[in-house]
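The first chain written gets the first letter, and so on, giving A, B, C and D; residue counts start at 1 in each chain.
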Amino acid sequence: MSTSAQGIVERLRSILGLAPEAPVEQLKGYVEVSVDPASLRDAAAKLKAAGFDHVKSVTAVDYPDKKQIKVIYHASSMLDESLSGYVVGLATSVDRDNPTVPSLSSIWVSAEFQEREMYEFFGVNFEGHPDLRPLLLTPDVAAQRPLRKDFKVVEEDDYLKSTYDEYTSTKRWV
Amino acid sequence: MGTEGSQVQSLPGMQVHPLKKNLYEVAIGPAHPGSGHMRILVRVEGDVMVEVDPDIGFVHRTMEKLSEGRDWMKNIPLFERMAILDACNVTLPYVEAVEKLLDVDPPERAKYLRTLLCEINRVASHLYGFGIFGVFLGHSTLYMWAFGDREVFVELAERLTGARLTHTYPMFGGVRRDMPDDFGQHVRKAAAYMRRRLDEYAKIFLLNPNIRSRLEGVGVVSKSRAVELGLAGPNVRASGVRYDVRLAEPYEAYDRVDFEIPIYEEGDSLARAWQRVEEIKQSLSIMEQAVDWLEKHPREGFVHEKFWKTAPPIYKKVYAGEVPYAGKYRVKMIPLYASLKVPAGRSFARTESAHGEITYYVESDGKDVPYRVRLVSGSYRNVIAFKYVMPGHRLADLPAIYGSFDYFPPEWDR
Amino acid sequence: MVDMVTPYEIGHGILRYIIFYPPVYQFVIIPGLIAALVVAIFIIWFERKAAARVQMRYGPYEISPRTGGATQLIADLIRYSFQEIIVPRTVDAVIYFAAPVAAVILSLLPLDAMPLTTNPAFWPIPMDYSLLLAVALMTLSPIFVMAMAWASNNKFSVIGGVRESFIVTAYELVAVLSMLSVAAAMSTYNLVDIVQAQSSGLWFGLLDPLAFLTAFIATLMTTSGFPFEIPDSESEIVAGPYTEYTGLMYGLDMGAAYIKRWVFSVLMALIFLGGWAPYVPGPGFVLGYLVPSLIVSVKALVIMAIMSFLRAVYGRYRIDQALGIGWEILVPLALAAIGIGFAEAYFHVYAYMGVMALAS
Amino acid sequence: MPAKIEVKESPKRGILGRIISGNVGALVLGVKYFLDPNRFTLMYPHEYIKLNTGYRGFIVLIYDKCIGCGSCARICPTRAMRMLFLPQKEGERAKKKYPVINYNRCIFCGYCVDICPTEALYHVPYHDIVYYNMNDLILTLDEFQKEPEYATAKEGIPVRYIFDERRGLVKVKAQEPPQGPESGAAPTASPAPAPQQAQAAQKQGESTSKPSEGGGSA
C-alpha cells in the first residue's frame, strides 16, 4: 500500500498550518487530522484549495462512553495525480447530546447528501446545510437516530432453545 | 448553492406543499419498470424538468447497523447483498480493510484470483447496466442481448466459485476456491465471443441514429462539475477526469497487469456508454492476462499461511479433490474464522467497482464484531447527479440520463 | 368510360341488403373489423416472434410448442375480453367509455373509401374522389386518443395525450402529402384508375420511392410504431393515454392502434404496391371481389410485418426529436415526392402506357 | 507495468451519410439475427442444467462424521444452521448436539461446509427443490441427513452449457447421471472413479440409519 509515505503527513501539516504537535496520525489507508468544530470550515477550505477537491465519504461514529460523536470527512483528489493516491480524514468530535457541526456542503458539494444521511442516522445537526431532511429513512424512524449505539438490535445465538422432541414435532425455529 | 428557497420541512411525498405557479409534480417510481425501487419527484414546467428530488431509501437494509451485530466473517455475505451482480468488487474493500487491520497480505495467487473474479463481475455488471439502459430507451433488443450475454460471465463465475451471483469469494487472507483446470480456455472463448458482440452492440445501439440522437449532448457533465459533485466511476472518466482507483492506488494484482484506462472528453450520455464499452474490452484483456499467469504458476498460496498452516490434513485432501462429493480445489476455512478477533484500529479501503468507486471505513475495538463500518458505494455518490445534472432537461431525458449513470438502487440504499 | 352499374346478385333479403351490401360488408367483414382483428392477431404474434428471434429468445412457446405459441394470441384475446373493467372514480365516465369505441370506428371508416375491385357493383361508394376521402377520414381518430387522455384524469395520461397531440402535428401533413403525390403523378383521385394505371407492373412505389418512404414513416408515427412509440412510452409515463384502461377497454385501445396501422397499410398497398396489380378481377363475387381483396390484404400484411419488425431494431425518440424529424426531414421529402409526381405527369409516364384515355 | 491513460473519442455524428449508414447497419444486423438466431434458452421443466460437483446446492449432513463442534452454527451468517441438543441418555456426561438447517434463511454461501473440520457436511449439486409449506423448509435431524429428492431430474433431460467463440454458450446433452435406484448416491457429473463412488454411497447408506433409531428410542 503506497499510502504510508511520510511526505503526505508533512504536506498536510504545511497545508493546514497546524502546530507540529497537532494530532495528524497516519492510519491504515488514510491520514486522519482532527480539528475542533470551530475551525472545521477553514481547514476544509484550505484542503480544497490545496487540491483535495471532493469528499468520498462522510462518517459519524458514536462513542457513548466518551459522550462524543466523531464526524470524519474522507476527502481526496481526482484531478491532482500526486494527491489522488492518498485519502485525508478531516475529523471533529462534538458532544453526544446535541451534536452540531458546521456543514461543509458549501465547500464540497459532494458532501451534501451524505450529511443528510448522517443527520437522519445520528442526529448530527449540520448548520448551514441547504435542505437538511432525512434521505433514506421515513421521518419517524429518523427521529430515533437508529445508528447510535443505544438503538439496540438483538442478535440470535447459535443454539436452539426448543428440545429435540419439541423441535422435531413443531419445527419452531427459536 | 442549494435550490432556490425550497425550504420543504418534511418529506415532499408525505405532505402536500404549495407548488409554484405552473409547476406540475410528477412522481416517477417507486415501482419503476426499468430500475429497482426508487422514487424521483420531478417538478415539470411543460416538458422541461425544473427541480428533481431523488427520494431514495425503498431498499434500505440498514447494512451499517447490522454489521455492528455480526462477526467479522459474517459481514462479507451481508455487504455482498448491496450489489450482488458485482459481488467481488463490493466485498473486496471490506476484506482489504480488515486485512490491513490484521496485518495480513494475501499471497500472490489469491491476488490474481481476486482480480480475475473482479473483472468477470465488472463485465457482468456493465452488461446489466446496458440492459437497463436499453429498457429505459425502449430498445428491448439491447436489453435482451445484454442480459443474454451476461449469462456467459455468470456461468464463468459459477464454474470458478460454485455460485452464480452471490459468490462470497474473497475471505480474509485469500480466496475460497482455486481455479478449475479447464477454466483458462473457457475465459479465452468467452472473451473472444464478447469482443465480437461488442461491435454488434455498437452497431445496433450506439451507432443507431435513433439512440444517438437520444444520447448525444444529453446530461452533459463538465470535468470540473463531475469532480465538484464527487461522482464516481465511468461517469467521471467519461467527462475527461483521469481518475481510477486501479491507477491511483493499485490494489490486488492491478499493478502487475497492463491495461488501459479509457478516458472520454465529451461527458454526455453517449460518452458514458462508450466509456463502458471500452472498459469491458479492457476487463476482457485483464481476465486473459490473469488466467495466463494463474495457469503458468503452481497451485499453492491461495490463503495466507497464518490461516492455512494449522489446517488438518483433510483440508489438503479436499483441495486435491480426493473426498468424492466435495468437488475439486475447494479451500476449507479453519475454525478460527468463526471467532476471529480483529486488533483495534481504524482503516479505510477503496476499490473500483463497476458502478463506481466504493469506499469502506472500518473501525474495530478488538472485539469479534466491528465497532463501526461505513460504506459508500459508487451509485450512492452518483445520486447527487439527479439534483444537479437533470434540471433543465426534458422529462423524456430522465431515462436517458438515468441509464447512462448506470444506477443500481439496492446499492445506493445499502 | 365507367360501364353501367350492374345490380349485384349475391344472396337475397337480409343477406343482400345488410351483410353483403358493399359499404357494410367492406366496413365489417373483409378489409373491415373482422379482417382487421384477424390481421391484428397475426401481426401481434409475428411481432413477438420476430423480436424474439432477433433477441436470443423464443417468444410465446409454452402454450403450444408445436405451432410456436400461436394459440398464445387466442389466449390473450380471451383474457382481454373477460378481464374485469376497473373504472376509477375520478374518471369522467361518458367520454371514458365513448372515446375508445369512437377511436375504433373512426379508424375503420377510411376502409369504406377504398375500392377492392374494378367491378363497379362492389364499390362501397362512388369512387371518383376516393383517394381524397380516404386520406381525409384517416385524420379523424387521434382526437379520440386525446379524449381518452383527458377523460382518464391522470397525470401520466394527460402528458401522454399532450404528446399524442404534438405527434399528430408532426405526421399529419407528411401523411397527406405523401399519399397525394400519387394523384399528382396520375392526375386523378380515383383509386380504381390509380390501381389500373399500375396494373402494367410499373408500381408507383418503384417509380416514386420517396413518397413510399415518407408514407411508411408517417404511418409509424400515427400508430406509435417503434422508433416513435412516444405517447405510451412506459419508462417515463406509464402507459400514456391508456393508463387508466383495463380489460376489454384496453383491448379496444390496442385494437384501435393496430386497426389504424392496418388501414394505412391497405391504402399504401393500393397506392404504392399496385393494389390487385397482377390479377385482373373477373366477374361475379368470388373472382371479382374476394380474390382481389385477398391480394391487397397480403400486400398490406407485408407492409405491416415490416413495420412491426422495427420493434426489434429501434429504441424510442424524444417528442421534440420526432417533431424535428417530421418537420425538418419528412416534409421536404414529401414535397420532393410530389415534385417527382408532377415530373412523371409532365413526361406522361403513366399516360405513355395508353392510360391517358381513362383520365381524359 | 501499471495501467496507462488512453484518451479516446466517441465517433462523431457526421452528416447525412452517418444517419443512413447507421440505420442500414442496424436493420441489416436485425435481419441477420432474424434469419439465424443465436438462442441458448433452457426450456426449464423439459431440460435442466446438470451442475457439476463443485456447485453449492442443498446441504446434507453425514451423521457419524459430525463431532458436534458447532463451528458451522457459529459461522452461519444468517443463523440458518443452529445446534440442536439431543436428549441426554443416562450414561453420558456432556449433552450431544447436532446442527439442523432452516432453508428459509439459508443463502447457500457454503461457509458451514467449508469450515467443518471433519467434512461432515457436503453440497448436493442441485438447488431447485420445491416445498409446499414453509415448515418443510425447516429440516429435522433425520431429514437433514437424507439428500433432498430431485424431482426435476425425473422427467427433465440433463443439459450442460459449454463455451463457444461464435455462439457464447451452447447447450449440450449431458450424459445420464449414474443415479442408483436406492437412496440416491451423490450424483457427480464428473466421472468420479467408480470404486470411490460406491464406497461413499455405501458409507452414507449405513450412517443414515443409526441416528434415527437413536433419536427415536429416547
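Quick note on the criterion: a residue touches a chain if its C-beta (ideal position, glycine included) is under 8 Å from a C-beta of that chain, and two chains touch if they have at least 3 such contacts.
Because the structure is predicted, anything quoted here is derived from the model rather than measured.
Two chain pairs, C-D and B-D, are compared here, and B-D has more C-beta pairs in contact (counted per touch definition above). With centres computed as the average of Cα coordinates, no chain lies farther from chain A than C. With centres taken as mean Cα positions, chain D sits 53 Å from chain C.
For the pair chain B and chain D, the distance between mean C-alpha positions equals 25 Å.
Centres computed as Cα averages put chain A at a distance of 40 Å from chain D.
With centres taken as mean Cα positions, chain C sits 63 Å from chain A.
With touch defined as above, residues shared between interfaces to two or more other chains in chain D number as follows: 26, 29-30, 40, 74. In chain A, no residue touches two or more other chains.
Chain contacts: chain C has residues 54-57, 312-314 touching two or more partner chains. If touching chains are joined by edges, the resulting network of the protein chains shown has some other shape, matching none of path, cycle, star or complete graph. Chains touching one another form the pairs A-B, A-D, B-C, B-D, C-D. In the complex of the two chains, the chain B residues touching chain A come out as 1-3, 6-11, 14, 56-57, 60, 62, 64-66, 68-70, 97, 100-101, 223, 227-230, 236, 241-243, 248-249, 345-350, 357, 359, 361, 363, 371-372, 374, 376, 380-381, 383-384, 388, 413. In the complex of the two chains, the chain D residues touching chain A come out as 70, 73-74, 79, 82-87, 97, 100, 102, 104, 135, 138, 140-141, 215, 218. Touching chain B in their complex are the following residues of chain D: 1-11, 13, 18-19, 22-23, 25-26, 29-30, 40, 51-56, 69, 71, 74-78, 107-111, 114-119, 122-123, 161, 163-169, 186, 188, 192, 196-197, 199-200.
Remark: chain B residues 24, 26, 28, 33-34, 47, 134-145, 148, 204-205, 208, 210-211, 213-214, 394-399 touch chain C in the complex.
Interface of chain A with chain B (complex): residues 1-3, 27-30, 32, 53-57, 59, 61-62, 72, 74, 78-79, 81, 84-85, 87, 89, 108-114, 121, 130-131, 133-139, 146-147, 151, 153, 155.
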